[in-house]
Amino acid sequence: MDNVVLDIQKLSKTFGGVQAVNNFSLKIPEGSLQSIIGPNGAGKTTIFNLITGIYKPTEGTISFNSRRIDGMETFKITEMGITRTFQNIRLFSEFSVLDNVRTACHMRSDYSVFEGLIPTPRRNRQERAVTDYAMNLLKLVNLDDRANEYADNLPYGHQRRLEIARALALEPKLLLLDEPAAGMNPDETQKLIEFIAEIRTKFNLTILLIEHHMEVVMGLADYITVIDFGKIIATGTPVEVQSNPIVIEAYLGVGE
Amino acid sequence: QPKAAEPEVADTIKIGFFGALSGDQAVWGQADRDGLLLTVNQINEAGGVLGKQLEVIAYDDKGDQLESVNVVKRLINEDKVSAIIGCNSSGRNIAVAPVTEEGKVPIISTFATNPRVTVPEEGTLMKYTFRVCFIDPYSGDVTAKFAMNDLGAKKAAVLYEISSDYSVGVRDFFVKSWEDMGGEIVADEAFKTGDVDFRPQLTRIKEADPDVIVMPFLYKEVALSAKQARDLGITATMLGGDGWPSSALLEMAGEAVEGSYFINHGDTNAPNVQAFAQAYKEEFDKEIEINSIMAHDAMMMLQAAIENAGSSDPDAIRDALEALEGLEVFTGTITVDTETHNPIGKAASIIKIENNEFVFFKQFDPME
Amino acid sequence: MILQQIINGLSIGAVYALLAVGYSLVYSVLNFSNFAHGEVLMLGSYIGFFSLTQLGVPFVVAIVLSVVGTGVIAIVLERIGYRPLRLRSAPLLYFMISAMGLSIFLQNLTIVTIGPNFRTYPDIISTAPITIGDLYIGRLDLMIFGITLLSLLLLTWFIYGTKMGSGIRAASYNMRVASLMGINPDLVVAIVFLLAGATAGVGGMLFGMKYTVYPWMGTLTIKAFIAAVVGGLGSLPGAVIGAFLLGITETFAAAYVSSAFRDLFSFALMILIIVIRPGGLMGVVSQEKA
Amino acid sequence: MNSLLEIKDLHVSYNGINALRGISLHVEEGEIVTIIGANGAGKSTLLNTISGLVHPKSGEIKYKGELISKKPHKIVSKGIIQVPEGRQVFANLTTLGNLGIGAFLRKDKDAIAEDMEYVFSVFPRLKERASQMAGSLSGGEQQMLAIGRGLMSKPKVMLLDEPSLGLAPMLVNDIFSVIRKVNNEGKGTTILLVEQNARKALAVANRAYVLETGEIIREGAGINLLNDPSVQEAYLGVKPTNLQ
Amino acid sequence: MSPYLQGILILAGINVLAVLGLSLLTGFTGSFCFGQAGFLTIGAYVATLLTMELHVPFAVALLGGALFSALVSIPLGLPTLKLKGDYFAIATLGFAEATRLIVENLEKITGGSRGIPGIPTKTSLPIVLVLAVVASICIRFYVVSRHGRNCVAIREDETAAQAIGINTFRYKQISFFINAALAGLAGGLLSHYVGFIQPAMFGIQKSTELIVMVIFGGMHSVTGAILAAIILTALPEVLRAAAAWRLVAYGAVVVLIMVTRPQGLLGNWELSRESLMAIWNGLKSRFSKKAVGVDHG
């Protein structure tokens, strides 16, 4: 059996009276690209928030590379190799595009707080390396020509790409993408599909994807978990899921 | 706005002034300044000193020590004044004392009652620093003696302002004298500058049932606390100090301070002050404060010193100040103690509030 | 004794509450601490004072003049000091600094124009305390208490019970989008400042009668600020509860521990509460949804 | 005859960067007009300019033959409402509160209640979440709320900025039928629609404009553009997927 | 140089030190600290007691004050740094007032509200200048380091900062620590400049004054804060003639800056050799263009 990167067991989360996630389990093997789909408010983003430690689970466990991470602080989880993008874009708006990425590179350099106060050759070297690395990432997402603009002024679609670049800068093992194609037109969506496929191999990523654009999910996912009201209602390969009547009934609807 | 006297002839004697003209100390700083300006005007009209006109250079320090230091440096180094008058707070005077020492310019404080203003440590003396007021140990002592001997009190309560060096000083010295004399402190309550409600403390004091309450702080707080005390049904006699005398107290506190006593530098109702007070009211359209009278007296000291020295040289003035003897001013007769630069022989007056008026009660001989 | 201290605490609390309500009201809309609120109160106190002494109008008229005056002053201050920032969606910190500037400006302007002296309100209504056995209750305190509760009720009804109120809350979240819903942001803000100013006007009169009038009487806002924080910034009932809690704490600290350390207890209480409940007692701690 | 909404030679710039460069377009009463274009083409800028959030450098916008006001709330009072991009619900109000704000300028209590029921019938999910704080709604729920809030104002013209953003496929279909329904075959609300789902947008639209880097490069009937190979290639994705 | 001018420069230098850390903490890390006077108090009293009671060398006393103040920031930060916006502001304000109250009450050690007179005046202009310049350079380097970027990220969006692996709490702690250390140092210098300290010197208005300097200079600019510290220290002296009106003017200027140039004097911008050169070149080219115009005209 493949090496399981992420292992979620019997995860539940309630907010007041709302059962947002209900007894949800999922195993993600290394190198796979899985997708979670489901109607609005099904609990997908909440699952991401639970994995990344922004919420604490009401019940259940989450393990990453066989280590329990539920209840850990967000930044520690990130340090271990899980990164995400946000459904509502959250860039550092007063930073330039480049600095958004450079900030995310903070783990690529290790000079101390003391060296922060006085520049040393080591610091300068590391800073230069980080800048080069960040520029390369920007090239990859086609934003290198806007490197010095404020991130806030980029159009929506570009901001999404920048968010992905920022996440990649952390060199994650597991990347969580929350609706990366939202706000993109079909053409751009197509490019995004290719882009995700590209970074997946290039960075050797395991990816968990939330998306409502079916062409993205169908084009990329190895395996799909469908949830509704926080519960799993179906699982399977894209082809299986697509033709599953329960899924059609609850989520896909009948095409025009 | 009252302006400093215009220099009519080029040859004037420059006198520096600093005080809180803005910020929450402004009442006292402005009273200081206005008292000084009026005095200087009167002196100038009478022909000046040594035939020269006096010129006041007044700076605001908004009650901040750092600014005091700055402005005193400026007075000494830039304006080259002959002497400085100010200010009403011990803290700021302690802060500027080293500056005047270094710049060798005499300074007369109006209301810095902390002994350490002139004598920072046992055996040392700030050679250039003088004052026109008596000091906290003296007030504390007189208050204690008066309460015990004249009022026959046995149990005293103290209410004091913990963030005010003046108030803490008087309280400390009062408590010491009182206990030395065998009195009992039944309540010792503090409040912070800016507080307006004293009822929690007063309720405690009421319970302790003292004969007298010592309230060494400024008249606004006196008025508020006195009123609240009476509202709570406290009947003990209230005793105060030189922060009390102000017509505003009578207006604000009314009935509440009736029958209280306070220790003062002199009698503000004394006939000799009235003409000055009248002129003050005409000039500035406000009632005179005790600070203005102290500023007047400080100026009198300075005038005498300059005349005695026959020169406006700061060092000569300093020497003359130190040698000053038996100078009649509004608040008594001043002789400068060469050891401490405190005015000796300044008798304290005990003032009683009767029928909403300040009434001279008795003279308190310091040697008593 | 303990009963008397509770009464003391409540009446001190009522004073804080009256200030804290106006303060919280502005906070609930613009999300910043209006440090100039105390100065509006101070101006209200002066307006009342001069109306009574110079114009010789009856007490009720003086209150009306003071309320109208402070309402207008508050609106004008908003126009000068905050609106330009609002239009630019400047960070909240800037509002606070601007407010500090206004506060310094007004306080010192009063000192140089009206003068730094204390002024005493004429005796208009009897301020003699009511005695019940051994207990003393201030008449003014009762009035302040009543007016505080009344304004709390009115304001709560206005904010939570009327359409304009929900418009105000919408605008408080996002003025841009609120304007897309047909809400006139300037009007909303003006109404809020008018109301906050009005509470300051009444407060100013009452405080003036209780504590005399002087240019820096607004520094009391610090206590109102603490009260509002304890209660939960932006929550009107919270502000009132926080204020009473603060009043009681101060009183009991002074009465049973040490009056010299009195404020230490208020600060300790405050830090304790916001550490346990980061949004204050009544504040909604909205967990951020990522 | 005046158009309902007429825009002439509109220029908008942000700190010197030109976002719109001489746009002219018109929307007739009862029409559904859609604007498609890549990210950053200036679609949102155009809608924001119409609703008064952004002020043009030059050019004019006329509504019923009159220049529109500069103040967003005045524009709303004329009957033009925008459903902004990226939801932007009032997080500190409940679902109901948000819908109430949508009807802020309306006085007709009964009709408001009716419309509320209508919104709930379109988005039953919102009814379930009626008293939840909008900030904690899921992304899609917020989007429904944003649209519902817009409907509550009973506008004459509705500016929709990517209404299908983040909605589940089934709901995306629903949204477009809601748009049709509101428009009521030209007898109801006039609609100016910005959409990334160009295929569906063009399918419901009477007419469409294609915006590229701040300029209109094509216009025509929705159907025509839908079948135009160049539009297909640039905006509809080269190879249509089986699900769309 | 006249002692007067020297005095003002010393104060300006001390203010620069007191403001640098605040710029890092409030401007860059986004935690609005309203209790700077508290750290000044601690630095001033600890340093003073070290010189007066233990007779240690001046340098050791300064260091002691700075260190003690910095250490206080740790237990203080533990519960408070998690607080947001106004809540943190009020908590730090409470800290400063509480510190003052404690100093007032510890009469035996601190002299209570009557203060400590007769502190040897060892603070000299060269010492202050060197310290201020060194600290400015260090802070300037810090904010452009990876650590500085992390601070700004926290200010911009704390959740997102967490999500890219930044230990937000730790970085706030570091900023708080550095701020406390520098403010403590400033306090020690201050007490040894004036020769007298008293709790009244460290009231709320002191904290206000310092925070205003940070904002005035530009929230996101170290050099802006430095410039503001110098200007705002000198301004009252320049306006001295205006007497009481100058505080009115001061208030008005603060409001004016906020509403017309809320990003502060320098905004995001930093004074540096490059930026000065850029301005210079800009001026030169404008000038030469004009000159060309004249030629042709």
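A, B, C, D and E label the chains in the order they appear, each numbered from 1.
As a working rule, a contact is a pair of C-beta atoms (placed from the backbone, for glycine too) under 8 Å apart; a residue touches a chain by one contact, two chains touch by 3 or more.
All values reported here derive from a predicted model rather than from experimental measurement.
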Number of hops, chain D to chain E, where each hop joins two touching chains: 2
Shortest chain-hopping distance from chain C out to chain D: 1
Interface with more contacting C-beta pairs, comparing B-C to A-D: A-D
Chain separated most widely from chain E, comparing mean CA positions: D
Inter-centroid spacing, chain E versus chain B (mean Cα positions, whole Å): 36
For chain A paired with chain E, centre-to-centre distance based on mean C-alpha positions, whole Å: 40
Computed distance of Cα centres, chain C from chain A, in Å: 46
Chain centre separation (chain C, chain E; CA means) in Å: 30
Interface hub residues of chain B, defined as touching at least two other chains: 22-23, 26, 162, 192
For chain C, residues contacting two or more additional chains: 108, 111-112, 260, 263, 288-290
Residue numbers of chain A (touch at least two other chains): 45, 52, 54, 86, 88, 90
Residue numbers on chain A that touch chain D, as the complex places them: 15, 18, 38-46, 87-88, 153-158, 179, 182-190, 212, 214-215, 218-219, 242, 251-253, 255-256
Contact set on chain A toward chain E in their complex: 52-54, 73-76, 78-79, 83-84, 86, 90-95, 99, 102-107, 109, 111, 113, 115-119, 123, 126-127, 130, 166-167, 169-170
In the complex, chain E residues that touch chain B: 2-4, 7-8, 11, 100-101, 104-105, 107, 112-115, 117-118, 121, 190, 194-196, 198-201, 205, 236-237, 240, 243-244, 246-247
Sites on chain D touched by chain C in the complex: 51-53, 71-74, 76-77, 81-82, 84, 88, 90-93, 97-98, 100-102, 104-105, 133, 135-136, 149, 153
Chain B residues touching chain C - in the complex, by the definition given at the top: 22-24, 26-27, 30, 162, 189-192, 194, 196-197, 199-201, 203-204, 207, 219-220, 223-224, 231-233, 248, 251-252, 286
